[in-house]
Every structure is written in C-alpha cells, then in structure tokens.
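Heads up, the thing below is written out as structure tokens.
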C-alpha cells in the first residue's frame, strides 16, 4: 500500500511563491508539488534550479498549469492583483485553492471569489491567514475557549514591520490597499477569530501619519496608523500598524477578558540568546514576518493538504477573508477622510446625520 | 548651622492623604510636616495615632490649618471636589501648593487654579502627576531627549486597574469625571511631557464598554475605554484604560520614534521573584498604582520641597494639568456621544460640518 | 536532471528512532529513508503504519538492513547499549553513520567507534549532539567567535528534566551511565565546543543527592547533581543536572567572558503566550527536550545529509564524543566516591598523594 | 505624647558608612542619628557638610563617640579589619549593635563578637546581611515556607560584580578574606537562611581563575570562583562569584525544591525601561549592589530600630554570621589548595585519609 498524496501547483514564484513552493515540496509529506507557474523569467530560472530537479513541471502560463495532468490543488501566491482571478479560474477548473491573503484589496472582488467557491461546495478554498496556524495564537485561542480569561472584551493587536530603507513599501502602496488592508488585515482576521466571525462592526475610526515616508500621501497611505473598531455587542478592537520599527518585526496581540488576559508575543525575540555587555542585556528580534511565522506557513500547508485529502473542515471560512478586507478598507477610509464611519447590524453604513 | 526645612501641612487624611502625610513626615528630610487637616473623625483618629506623636498639629478645619504659625506649604490630598478650592485658598494665603491630580474634573475650575497661581508668581504650585517623578519614565524621557529613538511619533499608554470587586469605582464614577479623566489623565500627561506641552490636539475619538459593571452607564461612564488623539503636527497618542485587570495594575507606555522605541513597564512585576511549578513560570504584579509608584511619590515630595526651599523650577507646569483635563474630558465626551471631536490650532472646536 | 538523494536506514524505532525516521523521511529533502530495523514487534508495527506506505523497507534484523541495496548511510537510534556495535558494523559495511549520543557509556567502547571510523576516512561518522545544531546555541557561538564577550572564561550549563512520575529514569539508571553521562553529556559537549575541543581537564568534583528517588542509589546514581570542571588553561565549567523540575525542561547555558556574557534559554518558554490571571502572569515551558530541540534534530539530519552528499566537514568531530563521555564518567565517579579527581596535561590521572 | 526614638551613632563614614548614616538620619523615622565617628579627615569633612547641619555630633575617635550622652546603639560601618573590635567595644559599653558584614574575615575573631554578645543578652546585636531584608528574597522565603516548592534541595546563588576598571578589588584582596568571604558570603548566608541555620556542611570544593586580574594571585585570590557545598542532610548549594561582569551587578538565586523552583533576579534590570533599536531590545541593569539593594538597607535600619525599641527578635541570629564566614573561608581554602574539604556532623574537619 502506498500513501495518497495531493498533487498541487504553485502560482507565482516571487518572495512568497518560492516559500510556498518549497513548503509543499519539502515540508508537506502528504502533498506533491507537481507544477509551478510564473511569467517572470528570473523566477522561472529560480524554479529550474530549485524545483525542476525534484520533478516539478514549470509553466510560464498559469492557464496551462491548470491543465497539468492530475493536478488537484493550487496555491495562489502571485501578485495580489491577480489573486482573485487565478483563484476563480482554479475553482472553475475544479481545483482546491489555498490563496495568499488578501483575496483582493477590493471588497467586491474578494466577494467574487466567495461566490465562485460557493458554487463548488466540494472544493476546499481557503485564504491563507497564516496566524491562524501559529502555535502561539492557537494556544491563546484554546485557552480563551477554555474560559480562562472569562468573556473576551478588548483586543489589541499590531503588525509592525521593520523599516525597509529601500522604501519598497512606498511604491507598493498604490497596489496594497493601504496600511490597514496590507498590514492590519492580520489583526482584523485575528479579531474575527477571537471575537467570532459573526461579530458586527458598529463604528470604525482611524488616524495615521507619515513619520518616515511623506511620499505615501500620494497614494493616500500612511506609515503609521492606529485604528479603533467597535462592535455592536460592545466588544472593542484596536490596531496599530507601522512601517518603521527599528529593531525588527513586532506583531503583538492581547486579548483582555473579564477574568484574565492572553498576550501573544509582547516580548518579541529572534531566538533564546541574551547578550550582556556594557550597554546592558540585549536580545535580537525577528526581522520579518517570515522569521516570526515560518512554521505557521508549514502548518498551513499541511493542514490544507489534510483537509483536501480527508475532506475535513478548513481552519477558517472564506467569507471571513472578505469581512477582513471590508473592515480594513473602512479603517483606511476613516483614516484618510478623518471621519468616523458607522454601520448598522446588517453591515450597511449609517449616515453621519443619523448618528 | 542647622538645616533649613520647609513647614508643610496636609489637607485630607484619606487614602492618598495618609500617604502624602507620611511621606512628608518620614521620607522628605528637608520638609517638616507640622499640620494636617480633615473633617472626618476616622481620619482624625488615624492622625492622632500616627502623626500627633511626631509633633504634627491636627485640624478639623482646613481654613484653620492655613493659619498655622509658620506654615509655608500645603499638600492638597483631599477629595477631588475640593482640590481647586483648597488650592486657591492656600495660594491666596501665600502658601506653596502641591495638589493631587486632577485639579478638578472641570476644565474651567482647573483653569481657575492656574489663574490664582499666576497672580502669585513667587509661589510654587504644582499638580502631582506622579509618573513624572518615576525613575523609569525619567530614564525613558532622558533617552528620548538624547535622541536615541529619533523623532517621537506615536505614543501608546495605558492605565489599567485591578478589578476592585467591591465595585467602589461605580459609586465613584459620579465624581471622577469619567474613566478618561480619572485614569487616562496620567497617560495624557505623559503625552504632553513626551510630545511637548505645546502639542495641539487636532482630533479625539474614543469608544468604551461596560464589560463588568453595566451600572457605570448611569454615570455616563465605562469600565474599559480606548481613546485616540491626533495632534496637529501629526503625532498620535492612543490610550487604553480599564477597571478589570485580573492580575493587578498594568500601567504601560511605549514611545515609538523614527529610529527606535522606548517601552516602560511592558512586563509588569511585583518584585524579582519567579515561581516555577506545574503550571509554568509565574510572577506576581503590582496590585495597585501605589505598589507601582510609591517611590515616585517620595521623589515628588522631595523635589517639591527642594523647589520651594531653593526657588528652583518645578518638574511640570501647572497649565499642563489643565490641558490634560481638557483632553481627558474631550475623550470622555467623544466616547459617550460616539462622535469624533476636532479642534483648530487655537484649541477651539471645529464643527463637524466644517470637517 | 534529477536531484541526488542519500539513501539512509534507521536502526531502532523507539522514542528517538521514530523521530529520526520521520525526520529523514519527511523533513530532509536530500535524504531518502529506504529502510528501518527493529527487533521489537510493537515498533515494527508502528513502522508498518507509518513508514512502509512511503516505501520504507522494514527489517527485524539490523545486519540484514545493512545489506539493503544501495544503502549509503545509517542513523543509529537504538538502545545505547548497542550504539557502538551497530555503528562499527555500519562503518565496516562502508556506510556513513549518524549515531545518537552517547556512543557508549564506556570510554573504551566509545573509543572503539572512533578507531573503527579512523580506518575509513572517506566515511562521515558523527555523534548526534543535537545542541550543536540548535539555532540559539549557534547564534551564541558565532557571537562568541566574533569576540563580543572577549575571552570566554566560565561556562555554566544545566540539563534539567521535568519529573517523570512513572519513575522510568530509575530503572533506566542501570544502563544510562549515570546522570552526568546521561544528562550533563550535552553540557559537557557544549563546553568542548565553546572552550575548544583541545581543552584539557585538570580536575573534576561533583556532588549529588536523591531528593525524589532514593532508589537511584542502588544504581550508584542521583536525581540531582552538580559538577565542577577545571581546565588546565584556567577555564571553568560547572553543570547542574536534575530529574525533578516541576514546570518542564530547563536547559540553560551561560558563557561568561572578560567583556560580556552570552545566555541561552535562561527564561524557558513553550511559545509566545503569557497568561494574566489572579495568580499573576504566567507562561508554560517546554515539557521535554524534544519540545525544546525538535528543530535542531531536523537541522542535524539535513546537515549530516549534506556533508555526506557533498563531502563537507561535519559540525563536530567524533573524538569530541569520546572526550565528553570521559568527562561525564569522571564526574559520575567523583560524585559517587566523594573524591576530587585530577588529570595531567596528557589526560592521565594524577594520584591524590601527588596533589 | 511624643514618639520614642532610638539614639544611634555611626562608626565610619566611608562608602557604606555614608549610606548607613543617611539611612538612619533620613529614612528611619524611629531612629535619631546623634553621632558619627571617623578618623579620616575627608570623611569628617563630608560629615560636616551632610550630617552636622541636622544636629549630628561628629567624633574623630570611636571610643569618644561611645561615650556620647544617651547613645543607645551603634552601626559599625568602618573597615572590615575593625568591625569586630568596634562591635565588642560597643557591646561592652551596653550599646545595641548593627555591624556591617562580615564580622571579620577570621572565624575566630567573628566568634569573639558572638561570645561578647552572649554575655549581654539584653542587647540586640546583628550582622547586616542585607539580602535578608530584600522584599524579593523575603517573598521567595515566605513562598518556600508556605510549601509551594515542596522540600528545598538545591540552591544556586551568585554574587557577581561589574568589573571595576580601577582594579580596586586587587589591592582590597589582601584584606577581604578572598572572593568567597567577600562576595559569596551573601550567598552562603542565603543558604543558611533558606536551608536552615542548623544545616551541617559535609564537604566543600571550589575552583577559581584570574580571567582579568592575574595580580590577585599574590593575595591568594581569584576574580572568578565557583564553589560547591554539600550538607549532611543531602542538600546542595553551589555558588558563583565574579569581579568581571560587563553589564553590571548580577546577584541571582534559585531555590529548587521537589515540587517547584523559586528564582530571584534571574533577569536583572535597572528599571522598567526597554529600548528597541537596530541592535535589538535592550535593558540596563544595576551597576552596583547598592543599586540592587538600596531599599533592603533601609528596611534593615528600620527593623533593627524596631527590634531595639520594642525588644523584638532580630531577623537573623549573630551565630549565622560566624557560620557564613566559616563556610566562606573553607571554600577559599579549598579553591587555593585544590583540595576538597570534609567536615563531620560536629563541624570538625575530617582528614582526607579517612574519607
């Protein structure tokens, strides 16, 4: 008897594409990376060096890859702009889909993926919010579910990147959907996870500044932003996103309940080393979200594979990904317009005049 | 040659009054506590046991104490409702004044103390924002001034009390000015210190809930609140205040600059003990703000005394105390009304229609 | 072009055998687990469920596995008592060998493996001291090599297991070589790594007690032990080993130099979660060395494979493994005899009379 | 009714003398510093500036101070060489005595103080082991007494000074009694406290090196030392002392029991500030034992005063101070001679031949 493995293809071999491809190739025992596609010649060359020798077929064209003999699933790790299109094509071709976040920076486009998926209920379609697969967040979630903090009432969460002196994020801002959609989307997703997907937003407020990159204003973006989300059931979430951390990646979350508090990563650390010298005691911290979440991505790949092979439920619903974009976009709008935005219980906007 | 000591009287012998009285009696070498006043018989009895044997004269009536032979200064540590009145009487009687925070929960009344003091420029009149005297905050401030975090841009600060199961804070809410004036006032003062007293508020937004004490709504208050303050120069401060911490007092501040971050008390601790047992590794944390700031109050008493005796500048300007109440009251209003409030550069409100 | 992979067999499918087998099967891309052997029917059944479906051939007899067509390497993960014998057989059969620690609890038997390996210089033969592959220890080592702590002078290291209430370690004590050979061997190996393999022991002293398991005395063992090693160049290492930690595994190391200190894992933690509740702030810690060093074992498997395939030097010399057993055995003897033991620069014992 | 205060004189106004004098003057409400003595003109001048204005009478001659009208107690804070002589003179003059540690570097001389005190049972005579008054150590002790770590079995403790580049400690070594008597004496005292004063030493072993100051060998001393103490009841204590810490003072203690562990100051810190910059996250640590134990000295002064005024038992027995010197001196001898030293249950040495 030989083991059953899921045949998967990887769309895109950029920064995240390479990682997903290698994860499915080397660290997902029940998956078999059979194909990868990219229109980019440099990425293609990387594939020739790193994937082809292991039997992975390379395609320049995504549509061709979808026709790969026996292909069962696709991980969409291309540019955000084509996430939704590629995901929908895969769904229509009857492939299971693991799509990098966000589905789209547009709520409507994001919803179109959900609509496509809803017509193929036998397919597993998931948006890859990696923190849902992180062992620390899971431990916190399980402890909350076990009741040790009483009723969760307040969630504080931040996604703060180390300053990239190349300023890449300035150019990227025109595609990113803005700092709340690009960075805080993870914190928003955590909120929907910890507070429950059924949580209804009542109001959003936000402010931001450009402490290091004034040019971001050209794209209606900021390099530091704080957002405040109030839910109809009284719960509150507040977020901080930044592009200018000096020491490294600082992704921290606290869930405060009536009987206790769960804190995740309030003291970031790269590893278990402390250095004492004349300046004091010092530790280094993760430089990127990959340093912090590498193992979560591996777990994601393995769990997606298992869900497909054994028809198990996915760790998160696709609709949550749309809701996260919706909240992120509202925060971005609140920040840029300077206005507080309100919603009724059905999710429709309430005019300021009616407040 | 014998040392010169400042003769001071203490108004009020309640929770804070006792502490101030003992600090000036026992831990402020250059001060001499000569008098104390309280209309409360229980407090008076405490004074007889603990102050009189050391030569402190007790008064039932504040006005009588002001006439105490040789009295040079007064520490006002009575109920908030009479802070301003007693401070102004002392100023008019040519006494130096250290007044517990807040001057008043009303901006106008607070301002009246400043007005009285401005007519007596030879007097030292200070509002006791104890964190300004805390060694950790001072170290952080000095490091910021030395430039090690570049330009400060974002300040996060929280004042979170351990849940008092007696619910005292519910009854107190009718006098407290609300959670932002009672708790966040410290975080607001820190903001004015770290960002500079000249910082001009542009907008405030706030939300709150009653996770443990719905009765607070009767007094237009909440037990958890998050506030967002945007300054005209682009700086941002955001605050969290809570009445329901399970483990103890959690007063934490982060100042984020373009080149680094200063964090104060992100890992609270009662002492230096860690306990390992079957549940993991555990430390206890301060139970009250006194556990956390006891030594800051001692420093405050000593520095106030030195400023009086040597005519040195005070650590903080009285006007900052009014500005802190102004911001706290605006946050409280924003929370209760659900509206974002805007100010122009002169500090006048901007109508929503003009936004 | 297809990738070259190293064909490896796993001897033993007990606790560590299972882990090594799965690591080579699933987490070592350039290795191919082709065979496994165990005389134990339960272990064999586990292999049928977990290895055979992936094409791994199972053997009841180790000698038969050595004849497996194309086998290039063996990971010896059987009982300590047969480590040396199986390693030597593999060497003689021209296989590369990764042998679990220790080679043997006997210095002489350990040396026999080195002797066998020295006759086959083309083979890669390594003893698996997993901490050499741990990212934190490596970071510390690199920092020390970069000179940031000046000259390393003192090393403190401990290997402390969570109390196993089954008392397995009591029965195991008759085979383990004693607590210094079983537990401190890792700390000794770290010492030889950080201080240099050429370090010459001058004296060893040790004491121990049986705080929880007096029965250990039957096997001349203890459940807590402290050892002191002095080197001829003046460097000092001291070790603590314990079987009774309440919270979990506590493997901590400090390297103290003339200009600084490197500390590894002085604050153990299972993950990045902190829980605040009425008892304070708490974190869980790793329960076993596997929780702590899982990723180090994966790195070990990958680096061993790479060394074989590309004829690269191994991360540690086989002779260091003999030296570690030598020091561990001397500490154990010092603890049981109550005598301090001295060595000359050639490693020969110095009689007490000559001290 | 006026409060009763204890009239105390301070012998010595050197580094520690100044501190004790100011503590009794300013931070010990129930004590009255009435006199101080020092033969040193510079110290005397300091006294004129800092003590005389508060009514403290200065003496050049200790014997003269003992005759000060109404003097009830003496704090001996002079050079170690005269501790015992001055303490005995004070006892004979019927004064209560708080003597800085150690009573003497000689066991016999230390014992002579105990002998003198035993003839005056109405006097309070205490050796100032400041850690006994530290709130963290007390919390740990109380938790141990409450049984939360089961039976204490192992104690690890270290006293590690920041490197003093002036090399003062080299010249001081001829008077200090050696690193175990000068530094580890605190750890030894803690051991006698946590394990019980009745603990009987079975063996001591020790090694040391001169990593930064080879000149210490002239005085039979070392700059780093590790000592191992085994008690007849099986308990074990091990100590590390160092003169070369790069970051500051690192005084750490762990008490390991059969059901848990108490750790004191395993993560030293100067205050609650953390700095994040490009090098990671950093905190400063105490630079001296005064930074670490300042408040313990204040508590010591207050409790000694209270014991005298209210005839309450002292926090520690004088005999423990002799036992601590005895163990420290044995460790020093073991380090210098290279020999393990054994004692029988009566505290007599056992010849090596009889081991």
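We call the chains A, B, C and D, going by the order they appear; numbering starts again at 1 in every chain.
Here is the rule we use: a contact is a pair of C-beta atoms (placed from the backbone, for glycine too) under 8 Å apart; a residue touches a chain by one contact, two chains touch by 3 or more.
All values reported here derive from a predicted model rather than from experimental measurement.
Participant: With one step meaning two chains touch, work out the least steps from chain A to chain C.
Facilitator: Shortest path length, in steps: 1.
Participant: Let me spell it out: compute each chain's centre from its C-alpha atoms, then which one is farthest from chain D's centre?
Facilitator: Chain centre farthest from chain D's centre: A.
Participant: More C-beta pairs touching across which pair, B-C or C-D?
Facilitator: Most C-beta pairs in contact, of the two: C-D.
Participant: Please work out the Cα centroid separation of chain B and chain C, and write it as a whole number of Å.
Facilitator: Those two chain centres are 57 Å apart.
Participant: Approximately how many whole Å separate the CA-defined centres of chain C and chain D?
Facilitator: Each chain's C-alpha centroid was found; their separation is 41 Å.
Participant: For chain D, which residues are shared contacts with two or more other chains?
Facilitator: Residues 149, 245-247, 259-261, 266-267, 270, 276-278, 284 of chain D each touch two or more of the other chains.
Participant: Taking the touch rule as given, give the residues of chain C at its contact with chain A in the complex, in rising order.
Facilitator: That would be residues 1-3, 25-27, 29, 52-55, 135-136, 139-140, 143, 148-149, 259-266, 268, 270-278, 284 of chain C.
Participant: Under the stated contact criterion, what part of chain D meets chain A in this complex?
Facilitator: 245-248, 250, 267-270, 276-285
Participant: Could you please specify the touching residues of chain B with respect to chain A in the complex?
Facilitator: That would be residues 149-151, 153-154, 156, 203, 205-212, 224, 226, 228, 230, 234-236, 238, 240, 242, 244-247, 256-261, 266-267, 338-340, 342, 352, 355 of chain B.
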